[in-house]
Every structure is written in structure tokens, then in C-alpha cells.
């Protein structure tokens, strides 16, 4: 009867946590789409969506409803199963990242200590990499299964872009890991909380590289070559409609939030509120404050993404590749060497 | 070549320096520009609620006018159709019968009068051509429609509401006040 | 039979089925996808053996990078289902027989291998698969091959550039 | 260690040369200078001078044999580049890249001559192979070259898989990747219990056979050698292959006991089938390049004789054979490169049109055939001698001798075409310097044909 | 879990790879089958590594016994990555010229 | 030093010749140098020789040893005589690239000298091949129409044979106590009976192909016919002696037991060969082929004599080594003069030589008589001794072989009759006054034939030490 020998409460706790995190993430994502439109509008001196609900706050729900109500169209010439799997994969991969992000310190409920993190994997950063590298399959499979030249082209672009920038991203992270000495995100955040400076102080260049690469990984403008409307009509989700399209669109935003969360955790102290001593308040409140801090940081990063999107024009494809291979990677290598040299000299 | 005006700016073709090639400064400049726009006043006019003043010479939808007794001015002379550069106007004339004097100003009237708003370029030539002051361009937009057919405005769509019987409608159609 | 064993059998069966699907799929894209599933199953095995580092690296390197490249190339050159000329049935049969006899031969050899009898693989235990001991070993005992593998990458890089250049 | 480090550095330098330096001639000269530096660096290791000296944790083991093999192979590469530099430049305008690949190959070779751990064997073989795949496909517009590269690559990777399975089994049986682990394990265990180990060693053996193109794992060789650009075929068939043999002998000279009688049986089978396949099929070839591919298989059969016994003479014979065979093959390929076509008819009347060239070709062919007064004789002699000293049967020597006689047939077909058949040779114009370079090679072979000791004495310093 | 089970399983995977190499003509699929073979070897190595580690733990010997096999697996992955880059480059190059990735192309030309 | 000069002079000349483009100069240089080596050879008969012995390849334990005993000396003398004679006789023949031709010929001479002098097995093998390879080129380039295929056959045959010998040398080397190649260590190698037979077979195949003995002779008539005459002369006069020399020098001392065990087989083979060759010679119309088959028959007889292992027969064979060389050389020269001037080798088209060219006819008759071993000619002594030995060995064999004498008389006289007598044929009539130099050489050689026929004592005394060594042991 070893089957029942698990700590069921633990599992239930984690399941609830997962559900909450996923649902919250989805909710935030919904509002990020709204936020995107609002930010775009504000940056362009216009009001943005404001009809549905007060200040247009119900707009994302309307959008979602619209996507769900639309007709499901699966092209005849497509590979049916892959066509369906594609968006699901994209969505799953982007949501899986949140498993290792520490959303806050532990809270105490019903006599249990509940970590606000689904799993403290000791190789959390590698896990993130693994998941991120999976994400590209969603796009590739979807693009290919559509049996449309534009979709295929953009899927290929997405893949090559993702692969290219992953390298620089990894190298930038390695430099960070050299300073932290651990791969666990929780430890990294705790180190920053406990009196040290935030890692951004040690790794400014690394952060810039990571940030740029994160943008490229999320297919955000100026790296949104896969969706370059003027060349590729609509990109890899050209043939998609209804909620499958919605999944692709959501996946992009989820990615954005997740990369913001990662950046916040790794370079900006995660749930650490600076100049505030958490021990002065009750642990649960401290956790809530931490969560709020992290969310604010995420929002700031998301805003930064959007800000950039609405400022900088899209790259040409060769420029994109040049930037990735000839600028980012050498720069990341340089950063790594520099970090190594500094660490050694300090020793 | 000598510049014709002093407005033209010669393109600077000197190779960019290292810092320029980094584009960082320019990127930050650009970002600041967009950021500064956050705090600018929005020029948006919230349309259905707010409307903007039209200029006095604005040419909107056509209106078939009536005289002060509420009779149609149009005599179906066809001059407007001749003047129309887009050939958007068609009409059929009819003779005024006994007992219709309160409807039509002259003996002849337009039994059918259609303007294809998809063709119309809102040049106002019809207005100028009309000897009877029967057609003029209002200040309203052409509303959206689901079918092409809906854009062919017939007489009912064009005729201005009767001043005597329906004064409010008239005022609304003129678009002068909400 | 405990849970771990069930997981072992399930993963193995899954991996074998997927591997066979790789073989018999007509469409190369499907083959790639099946192969990715095989890699996931193998990663599952690694986790079962508590070789976390390798599990993740397996996903990152094989499933994440290598298979993306495969998919990429297949899409790029757009291999259609029908474009692969099939080998003759005879050749296929020979191939299957050869592989099968290799399997039976080696299994029968392993069966006879006395020193293996009674040796077991501890599941979900041990710390050698974690990143700390591995990192220590890699940079102490295996630093020479580690450095030398960079030569491998250099040559692969030069080669890829050489071949890829128009 | 010196060789590994310096060759890598030089490879990187050459890599950047393709950026900065456009002149092919300069690139070639840099490569030559680099090779000289490499040779000097390698030699200086034997006098205890290390570029970087650190503990390799049992990964590498420097023996004088390994260092000397390095020196010889580097020198051969020097000769190869010296002669073929212009031809390499013709393949593509990126000859610096090719040189850089050569240096990486040399790095692989230096590993293969000194590894003491199966992991290093694996890495060495891969570092050696990957540039070779690329060199095979270097003629990008040529369908055959592409095809050859693909074939070579797939076959090579497949054999890597086999190699790894073999290594895994050895590990499973011994719990170590150290080269001597099997021997240790055997000396402590019962033979009956070594099934896993033996299986592993046999798989390893098969994979190594693959790398040196011994039958029945030879089938990639003709296509690949035929398809690859001729200059690179020359490199592949000589230096790379010699390195393969040195690795082979390094692995297996300590493992004899593991396989016991079955080892001899296996080796005999492989050698005989290699000799048979190589020689018999070579007889029927119509293209010289293909004939040379098969002949290289046949020569591999001869080289495998060195694996029979663990004695000094088997090391000697490996080195001598490798060097002599390489010189002759580099020479004959250098001639072939200048031919407009690869058929035997292309050589018609060469003896009249280009007496010097024909003479050098003759020397190369004589050497390949193992005729006395050329180095090839002593190479074959040492092989057979090591075979006899290892206690193998005379019948094996006789079979080898018969196959050597058969090889005369196809080598002499070229000589006959050159001297005895009238005709206009289909040959590109030759710079006179080229002829003298070839003549140098021929003289080298002749000198080795009388005084092989010039080469071998250094083994006993 | 007895070590034999792992060996059987890995050999089965390996053999499937071998069969694939022998029966398919599409170069990419052949290549994929080779990757499958490598993976089988990897898993087997890890299993052996754990086996030796377990034995060492039982005997109270060093706790890091068997770690070298895991390192080896790491190197195999590294090499496989390099190999794939080259292999796919070659395949693409060939496709540019022949518009086919049939590995028997040369044989067809010969006839 | 004297022994080295036998190698040194021809090689020097050969290398010099490569750079001499002028035909006439080349010819004279070649003749000069071969004449020099003849001088040295004659000198050698008077002065005792010292061995030349230096280390060659120390780690192989092989030495560069040149050693001359009676057997070597007699064959060196033959070689030294043959080459100037051949060069003089063929001085007027047309060869393209004459300097290369002569150079190769002199290389072959060096090889032959080396074979007869080498005291180390590996060295022996080296010279064995050095003698072969120039011949291959000579035949293939300057030979007749079907030269390529036939020469190749010849080459493969002999090369395969020599490879077997190499295997044998290796085998013996592995069994010597000091792992050297010296003939003395070989003699003292400890071999079991089976091993001795194996090694014997390996050596014997090489020698048998070279001589050649039935049934390994098939390359010979074709090769003789297709080769340029100068080369044919070298092959039949000197090169075949390599095989006989090998038997005397290597087989007999090295493998006494195996040798004794195989005497009957080999003698039988030889006798079959003799009869076979003689019968075919009778049927020949081609002058060169006739001489070739006749040569096979004679060599066969010598081989049979060696394998009787009786002192008297071997004494005869030793003398015959020299005599047969001179005789067959003379015959070839005459045949060559005829062929060069008439352009035919068919005896049908000849006739009346005695009337047109009396001197030449006399020479032909002289050598023909020597060929059938008439008393007073040199062959008589040798053949008589050989037959005696053969009779001691086995009367039946002797009887069979004796038939060959009759047959030899038949075909030789038939040849003489067809060529020299009868009406002057069309072809013979075209002959110009014959080459004076060649005739002078022929006359000298005929004198040698007669002198050694009448007074063979110098030859006996020359070979006495060899004989003693062979039988005392």
C-alpha cells in the first residue's frame, strides 16, 4: 500500500498553490493584454479601450469571451492533431515556468507552513531553461501544422531566433550564477534579501543582455519577426482562430510575465522590498508584502516591455541575427570573463 | 545642385562613431520621447459623446431641401446628375398631379432620386449646379452599413425632414445641435 | 511492486512505444515529435535515478536544442511524407532481422554475465546525480576533457560556418 | 600536452586568419610556420618543457611512442600542406579555415596518441572525425562531395554509437573508464565472468575497425574517398587514418588478454576479410581514385597486423607503415590532383610527357606495392615480421604475401599506362616547383627504403 | 531495480535505433535514430553509475563512486550537440544541391 | 672493396647514363663501365678477395655483407663477361631513349652482381628484386608487340615467387637464435622437420620460378620472345642462374633434410621439363623461341643435376653455369644479328647464311655445336659430369634426360641447317656486311667456348672450395 504513503496534505497544498498561481497568472495575463493596449494608447496620447466597464476594465473579459465564442476553424490541409497540440504546448510551456518562481516567503495557515513556491528545485534555473526551450515547439508545431507558407516561415524564424538568443541568455545567467553560487531561485532571492545588494549591482551588463534576450525569447517587439505583419501577414498563428489563437496570444503574455518575474527574482531581489524590515510585521503580512512587491516589480518590467515595444521599430531579420550572434554572445562572454576575473581578484 | 529652399537638410553621411553605432543614446532618447508622451494631453475627442466643430465649408451628406412651406424644391432637372463627376446621382422625373401642390414646389418633381454614396466624392458640384437650391451638402457623415445596397441613398434618406411637421428631426439632421 | 517500479515500467514502455513510432512514422515531423517524447521518457528515467542534472540537461540539450534543430531543418527543406523513397521490403526485413538479432544476442550475453547477478540500481537515492558532486568531479578530475571538448566545439563551429557559407 | 594546446591555439589563429589575411599564399605560409612551431613544441615536451603543465588526473599518458608518433604525423601534415597548399586554395577561398580544421584534427591526433582513458579516446576520435566530415563536404557545389560527407557523417556517427555502447559495457563490467581497467579486472576475475567486458571490447573493436576502414566495416570508404575533394581524400587516407591506427594499437595492446584466443580469431578474420575485400575489389576499379580507396582498405589490412602482438616491433611497424604509406599516398594523390580525370587512361603516355613526374609516381606506386628499395618494402616487412614474432602462423604471412602480389596488379596498371601505353596524358600544367616537391617525397621514400632506421632509431632515445 | 532490467531496456532502445539506421533512407531520420542510440547508451551509463554508487555505499566506500559515468554522459551530450550542428549543416548543404536527402542518392547516380 | 666495386661501377654508370642524352656517348660510357667491371672480375680471379661487412639496419640485425667464394666468382665472371659482350653486340640496334635503356640494364647488372655476392638474406632479397625491376621496365618499354601483358605475367610470377622467399626469410629470421639474417645463422637455425620443409618450399618456389622449372616455366618463352634481344640475353644467360645460384647457396646448406627429402620429386619435374622443352623446341619455327626452349631444357638439366646431390653432378653443374651462359649468349647474339638485319625470326624464311655471311655462319655452327655439348666444347665437360651424377642417382632418370641430348642435337642441327644452308633466301639476301664489333665479340666468346672445352681446369679449381663446403658439411 505504498501508493497511499504520500503526504497527501502536502500534495493537496501544492495542488491548490498551483491552481492559485496558474489562475492568478492567467488573470494577470488577461489584464496585461488590457494593459498593453492602455499603455500603447497612453504612450500615443490616446485613451485606449474605455468602453467595456469603468475605464474599460471589462475589456479583457470581453476579448476572452469573443475568442471563446468564435468558430473553431481547422484547415483541411493541416495536420489535425499537431494543429491542436501546438497552442496547447505553447501555453503549457509558458505556464510551467512559474513552478520555480518564489512568489514570497512562507505563509502560515491552518498550522502549516506554506511556501509560496511550487517547487524549490535546486537546479531551478536549468529547469527554467528546459521549459523555455520547450516553448519553441508550440510555435514550430503550430506553424508547420497550419500548412501555410507564412506560418511555416514565421515558425522557422521563431525557432532560429529562440535558439540564437538562448545562448546569450544562458551565458549571461552563467555570469550571474558565478556570483551567486547556486542554481536555486529561492536561494538566490534569499541571498539578495539578506542584506546583500541586489544582483543588478553586480551584474548590470548581464542584466541588459538577459533583458534583451528575454525580449527576443518572448517574441516581443523589436524582436517580433515571427509576427512581422508586413511580411508574413499574421505570423505563425495565421490559420488559427478562436481559443487556439487565444492560447498563442496568451502564451506570449504569460511568457512576458514569467520573464519579468525571473528578472525580478534574479536581478532585483524578487519579493524583497528594499529599506523595509520584514521581521517587524507578522510573517503572513510580510509574505503578502513580499508578494505585492514582486507583483509591482513584475508590473514595472511588463511596463518596460510595453514601453519598448511602442518605441522601437522592428529589426530586419539579418540585423536580428547579427545582434544575437555577433553582439550579444561576445558581450555575454565578455561579461562572463569579467565576472570571473573579478571573483578571482576578490578571492 | 542648388537647393531650391532652405528647408532641405543635407543627410550626414559621415561614418558613425562607436557610440553612435551602439545606438544606446538614441534608444534612450526615443524611450524618453515616448515616455514624455504619457503626460501629454490627449487630443482624443470621445466621439459619440463629444464632437468636434466642423469648418463652415465642411461637405457632408447630401440633403434634398424643402422650401419654407415644406415642399420639395427639386424639379428633377438633372443638372446635378450632369455636374456630378463621379456619376453618383440618378433620378426619374414625374409630373405633379392635382392635389399634390403642397408636396412639390414646381409642376415637375423627382419621383426617384438616388445618390450612390460609395461613389460620391463629396465635391459639392451638385450643390453648385442646382438652380432650385434643392440639393446641398450637410454636415453629417455617411453612417456605416452592412450592405453595399444600403449606401445607395434614395429620396427618403435624402429628403430633409419637413420643417413644419417635424422640426426637431430637421435640426438633428443638420447636425448643428445634438 | 511499489510506485517506483510502476513508474519504471511505465516510462520504459512509453519510451519503447515512442521509439518504435519514431521508426514507423511516415512523416519525418512526427518522427521528431515521437523522439522528443522518448527523450522525455529518458529524462524521467534520470529523475527516477535521481540524476537531476542529467535529466534537465537532457531536456535542454536534446529535446530543447538538438530536436529543435532537427525540426527546423525538416521544416526548412520541407520533407514531405511521400518524398522519402522507401527501401525495398527485403532490405527492411533484413534491417529488422539484423537489429533483432543484435538485441537477442546481446541480451543473451548479458543474461550469462554472472557478475551482474544480484546487482541492483538504487532508485531515487544517492547524491551523485546532483549538481554539486557533478560539478566538483567535472572541474577536478575531468577538467582536461572538459577543456578539450571546447576544441570539439571550435572545430564544429568552424565547420558549420564553412559549410553554411554560400 | 604541448601538442594539444599548441595545435588548438594555432587552429584558433588560423580561424582568425581567414578574417584578416586574404592572400592564400600567406595563409599557407602561416600554416606551415604553425606546423613547424607545433613540431618544435611537441619535440620540446620530450625534453621536459611544457607549455602548461598540470595534472591530467590519469586522462593522458605521455609515452615516447606517442610523442614520436605526433612528431611524425605533424611532419607528414607539414609535407602535405607544403605540397597541396595551392590545391587546397582551389577548393574554396577559405583555405585558412581548412588549415584551422587541420590543426584541430592534429589536436585530436595528439589526444589519440596519448589518451589513457576511454573518455579521452572518445573525445579524440570525435575531434578527429568532425573536421573530417567537413573536409569531405568541402566542395560544396559538388553533389558527390556532399553525398560523401553525408554518408561519412552518418556512418561515423553510427560507429560512434557502437563505440559508446562498447565503452558502456566495459564500464559496466569494470566500473572505470581507465584504459587498464579491463586488464586489471581480468587479472582479478574469472574468465567466465567477463562476458560483459568481452562484449564491450568487441564492440569497441568493431567501432575502431570502422574508423580505420577495415572490413567488414569498410563500406563507407570507397564512396567517401571517391566523393571527397582529392586533396582531402589524401589527408583522410593518410594522416587521419594513421592516427586511427595509433589509437587502435593504444587501446588494444593492453587488452589482448581480455579476449584471449578469440581475439586472435577475431583479428585474423578482420584482417583476412580486409585484405580480401581491399585487394580483390581494387583490381576491378576503373577509376584511379576509387582504386586507391580500395587499396587503402587493403593497406589497412596490413597495418592491422601490428595488433597481433605486443612488442616493440609492432609499435615500430605501425609507425613505419603509417609514415611510408602516408608519404606514398600523399604523393600519388598529389599527382592525381593534377590529373584532369581519374581514369587509368588519363595516365597514358605520362612517362614520355612528364618523365620526372612519372618517375616519382612510379616510386610512390612501388612503395605502395611494397617493392624493395622503397620504404613500402620495409613497412610490409616490419609488419610481417611483427606478425611472426607474435607467434602467428606462417600461413597468415603467406596469405598476406599473396595479397601483396595481387596488389601489384592494380598498382602497376598505372605504371603500364604511364610508360607502356602511348597517348596524351590528361594532366593540368604543373609548376616545376611542384615536381621537385614530389621528387623530394620520392627520394624520402627511397631513403627509407634503404635505411628505415633513420625513422625508427628515434623510438629508442 | 535489478541492473539487468536497465540493460535490457537500453539495449532494446539501442536496437530500435540500429534498425532505424538500417531501414530508413531519409538521412534525417537515420540521424535521429543515431541520436536514439546515443540516448540509450546514456541511460545505461547512468544506470551503471548508480549501480556502482549503490555498491560503494553498501560497502562504505567513497560516496562519489560511479560519478565518472555521469560525467561521461555529459560529454556524450556535448559531443552529440556538436555533431548535430555539423550533420544538419551537411544535410542542408546536400539538399541545396540535390533537393533530396535520400542517403542512396549517390548509388542512383552511379548506375 | 673489390666486391663493392661490382655494385658500385654499374650503379654509378647507370646514374651517369640518365644524364647523357647522346646515344653514342651513352653506349660508350656503358661499355666502358661494364668493361671496367670485367677487368675487376678478371683481377678478382688472381687476387684473394676480402669480405665487405658493415652494419646496415642494426635493429633488424641485418648486415651489408658481400662475400665471394668460387660459386660467386664464377657467376660474377659470367655476368661481367656477358654485359660488355651484350652491349657491344647490340651497339648498333635501335633503341629509343638509349641512355635510359642502358641505365636500366646496368641497374640490372648491379642487382645480379649483388645477388651473387650477398651474404645476408635480406640483402639477397633486395638485390633479387633490384635485378627484376629494371628488367620489367626494359621488357615493357622496349619489347615486342604483346610486351605489356607478357612482361606483366613474368613480373607477377617472379615477384610472387620472391615474396614467398621473403616470407621464408622472415620465417627463418624468426627462428634464428640471434634474429639475424646472416647465412650462417640461417644454417644454424633450429627448425623442426616440418618447418624446414615449409621454408624449403617457400625458397624453392622463388628459385623454381626464376629458373624456370616445369610447370612454372610458362612465362619464359613468351618473355624471351617479346623482350628486346639485349634483355633476352641477360635473362637467359645470367638471370636464370640466379635460381640455380639460390639453390646452391641457400637451399642446400640451409635445409639439408628437406632438400634430401625432395630430390626425387624435383629431379622428376626437371626431367619432365627437359623432355617437354626439347620436344617443343623441335616444333619451333621461331628462332628465338627455339633458343628459349632449348635454354629451358638445359637449365632443367642443371637443376636435376643439383638435386641429385652427388658431388660429380654438382661439379658439372657448377661448370655448366658458366658454359651455358656463354653458349646461349653466343646463340642469342647470332640470332639477334640475323633478326636485326633480316627483320624476321622465322626459320622458314632463312637459309643460305653460309653463303651470304660465312663468318656468321661459322660462329652459329660453333655455338650450336656447343649447345649440343659436343666434345671439345665447353658444355661437354659439364654435361658429361652431370649425366654421370644423374646416372648414379637414378639410371632411369638419366636415361630419360639423355634423350634430351639427342633431341637437342635434332633441333639444333635442324636450326643450323635451316639457317645456314640451302639456297640464299630473300630475307638473308638483304643482309649487309655484318657488325664487325659484334663479330669480334662472338669470336672471342667462341674462343672461350673452345678453350674451356679443352682445358676446364681453371673452372674446376675455381669452384673447388664451394664443392668442398657443400659436401664436407
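Think of it as A, B, C, D, E and F in the order they're written, each chain with its own count starting at 1.
Quick note on the criterion: a residue touches a chain if its C-beta (ideal position, glycine included) is under 8 Å from a C-beta of that chain, and two chains touch if they have at least 3 such contacts.
On a predicted model such as this, the values are computed, not experimentally measured, just so you know.
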- Query: If we look at chain C and chain D, which chains touch each of them?
  - Reply: E
- Starting at chain A, how many touch steps does it take at minimum to reach chain F? 3
- Task: Quick one: how many steps at least from chain A to chain E, stepping chain to touching chain?
- Result: 2
- Note on the structure: Looking at Cα centroids only, farthest away from chain A lies chain F
- Message: Looking only at C-beta pair counts, which chain-chain interface has the most contacts?
- Response: C-E
- Taking the mean of all protein C-alpha atoms as the centre, the chain whose own C-alpha mean lies closest is D
- Task: Starting from the mean Cα coordinates of chain C and chain E, work out the distance between those two points in Å.
- Result: 5
- Note on the structure: Taking each chain's centre as the mean of its CA atoms, chain B sits from chain D at a distance in Å of 87
- Message: Using Cα averages as centroids, what's the distance between chain B and chain C in whole Å?
- Response: 70
- Item | Rounded Å distance between chain D and chain E, as computed from the means of their C-alpha atoms | 26
- Give the residues of chain E that touch two or more other chains, as numbers and ranges in rising order. 3, 7, 14, 17, 31, 51, 65-66, 68, 71, 75, 79, 82-83, 86, 90-91, 93, 101
- Could you tell me which residues belong to chain A and also touch two or more other chains? none
- Among line, ring, star, complete and other, which one matches the pattern of chain touches? other
- Item | All pairs of touching chains, each written as two labels joined by a dash | A-B, A-C, C-D, C-E, D-E, D-F
- Message: Per the contact definition, I'd like the list of chain D residues that touch chain C in the complex.
- Response: 4, 8, 11-12, 15, 56-57, 59-60, 92, 94, 97-98, 100-101, 104-105, 107-108, 111, 117, 119-120, 123, 126-127, 130-131, 133-134, 137-138, 140, 172-173, 189, 192-193, 195-196, 199
- Task: Write out the stretch or stretches of chain E touching chain D in their complex.
- Result: 3, 7, 14, 17, 21, 27, 30-31, 34, 37-38, 40-41, 44-45, 48, 51-52, 65-66, 68-69, 71-72, 75-76, 79, 82-83, 86-87, 90-91, 93-94, 97-98, 101, 103, 105-106, 109
- Which of the residues in chain A come into contact with chain C in the complex? 2-3, 79, 82, 121-123, 126-127, 129-130, 132-134, 136-137, 140-141, 143-144, 152, 155-156, 159-160, 162-163, 166, 183
- Please give the residue numbers of chain C that touch chain A in the complex, ascending. 2-3, 27, 29, 33, 36, 52-53, 56-57, 59-60, 63-65, 68-69, 71-72, 75-76, 78, 130-131
- In the complex with chain A, residue positions of chain B that touch it: 27, 30-31, 33-35, 37-38, 40-44, 46
